[in-house]
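Here chain A shows up in two complexes: once beside chain B, once beside chain C.
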Partner chain A sequence: MSTTTKAEATITADEKLPVIRISRDFDATPAQLMRAHLDPDLFARWVGPDGMDTKIDVWDVRDGGSWRYVAGRDGEEYGFRGCFHRIGADVIVQTFTWEGMPDDVSLETIRFEALPGGGTRLHAQSLCDSFEGRDAWLRSGMEVGVNQGYAKLDRVLADGVGA
Partner chain B sequence: MSTTTKAEATITADEKLPVIRISRDFDATPAQLMRAHLDPDLFARWVGPDGMDTKIDVWDVRDGGSWRYVAGRDGEEYGFRGCFHRIGADVIVQTFTWEGMPDDVSLETIRFEALPGGGTRLHAQSLCDSFEGRDAWLRSGMEVGVNQGYAKLDRVLADGVGA
Partner chain C sequence: MADQLSRVFAALADPTRRDLVARLTATDATVNELAEPYDVSVQAISKHLKVLEEAGLVTKSRKAQTRPVHLEAEVFDLMTAWIERYRRRAEQRYRRLDAVLADMKDAEADRLGSSTTPPQEGRAS
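On to the complex of A and B.
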């Protein structure tokens, strides 16, 4: 259920809670990672698997603001939406729904931890309301999108995001 | 952990999930209950324990809109905020935070079921990200606010809410 090579994210299913946890180290500061998650142009450059084209539809970065984007590949489109419940200095708390399953809502917390030797560890937690729903996400091949997306994020950070 | 007298809500802690479930029957239609939850003036008349004065600060009723209200009593004020992730015909999915514990975010689903004999059963689910956090809510005396609030909601519905 988890992988720990250097270039891949660690994806873990909690044993007691309907939670998926992801962690991944980056050569950047927490502020740069916040920017790469919150700036719509930067975010669209890296989120999702290779070959997906992401179009931002709604992007209102504030506590209580909402977001929506559409990912497209080979003529297929997939909409995702939610709201930014809270944006702190190094944390984002948001709801998340894939519009193909509108009743399925997860609560995501993404936190950035500065590492003592430099770099930043991303900690993402997705809270689902059932173990069945959580396990369906884990079986969906999500690790491909996570790892390809974070590899693109490495390149976006290397190109420079300011902050 | 649960009570089942006619006038009181049933409040249940899930054994496997960090979830609180509340159910309560009302002499009204699902549409009237949706209105009493979504109209800010009606909502302010019934939410919370007796003696609390509720002031709506933000109330943007749409998928992705946000809300905030402040409850006051004896000079003390308590702020609550979140966003409406989804508003369906008979369901509201929202985030919920008491501003006194801003890191604590729960995901609430409130669903209204028309009963065969008339009336409506409210089903509310609060999903927390830990059992400790869930159990702290259960020990907080929340049942007083829930039951006094729903008794006020009975009276608001009896006065008439349209729909």
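On to the complex of A and C.
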């Protein structure tokens, strides 16, 4: 893994649309990033939320297939589900719902752009169905202790590359 | 603080109110000035401004007779804090993804390596 300092994730909350956009560069190919998003075992290792264990419940990787996973900590469980609407060569289009607000759904487009100098830029866009929904997402997680999240990150980093 | 932020987000959920706020970032303005570009009554704009005022986003100056509306910039600092927190959580998630990708590359290198050269002792953990 490169030791050079990489740019951190950037985020924009659109003023005119209930959209959140995130981009982030990775030392990997678009194909490797697709795999890390679509292989259930790999995906469960990084998705979070912070400080929680992720159990994949349903994972039907095909256009129109559905997915569901449960994030848990201390007996509390949070279910998330949606549909892989479209899986392209370097793009994943899916719906996303937190089961605590089952009527709210966002449309997520995750695109992997190969960079000229090597590496890949991830572009993730979440289109929510209202500004209230979008802003609830931005607010969410405030209650979750930030230190617990960092502890999980530390463990992963401490396990290192050979884990 | 959470209650105030809820009011802020609710106030900004309306497109007219977001537009009013956007215009107030440039300069203070009176209610009449603010209402001018819209195809609605001054009263309607006053109602929107009242929502913004209750959320703490704007204040009405008592200095001038016209009582110009002033944007309270520090409230937006709180919103910036929300967005920054969200960004940090995404960054944490993507650092975990970095680690997973590094593992994948190691596994691929090991597989390729073993097909062309003898296995190296102590290489795989």
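Quick note on the criterion: the second predicted complex is superposed on the first by the 131 of 163 C-alpha atoms of A that agree within 3 Å, B and C clash if a C-alpha of one lies under 4 Å from a C-alpha of the other, contacts with A are read in each partner's own complex, and residues count from 1 in each chain.
One rule holds in what follows: contacts are C-beta pairs under 8 Å (C-beta built on N, C-alpha and C of every residue); 3 or more make two chains touch, one makes a residue touch a chain.
From a predicted model like this one, the values you see are computed outputs, not experimental measurements.
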Partner chain in contact with A:81 - chain B first, chain C second, else both or neither: first
Chain B versus chain C as contact partner of A:97, first or second or both or neither: first
Touching partner for A:57 - first (chain B), second (chain C), both, neither: neither
Contacts of A:130 with chain B and chain C, given as first, second, both or neither: both
Partner chain in contact with A:105 - chain B first, chain C second, else both or neither: first
Touched partner set for A:27, first chain B, second chain C, both or neither: second
More chain A residues in contact - chain B or chain C: C
Set of chain A residues, in rising order, touched by both chain B and chain C: 16, 130-131
Residues of chain B that touch chain A when the two form their complex: 16-19, 58, 63-68, 81-86, 93, 95, 97, 102, 105, 107, 109, 125, 127, 129-131
Chain A-facing residues of chain C, complex: 2, 5-6, 9-10, 12-13, 15, 18, 22, 82-83, 85-106, 125
Residue ranges of chain A in contact with chain C within the complex: 1, 8-11, 13, 15-16, 20, 22, 24, 26-28, 32-33, 35-36, 42, 45-50, 122, 130-132, 135-139, 141-142, 146, 149-150, 152-153, 156-157, 159-163
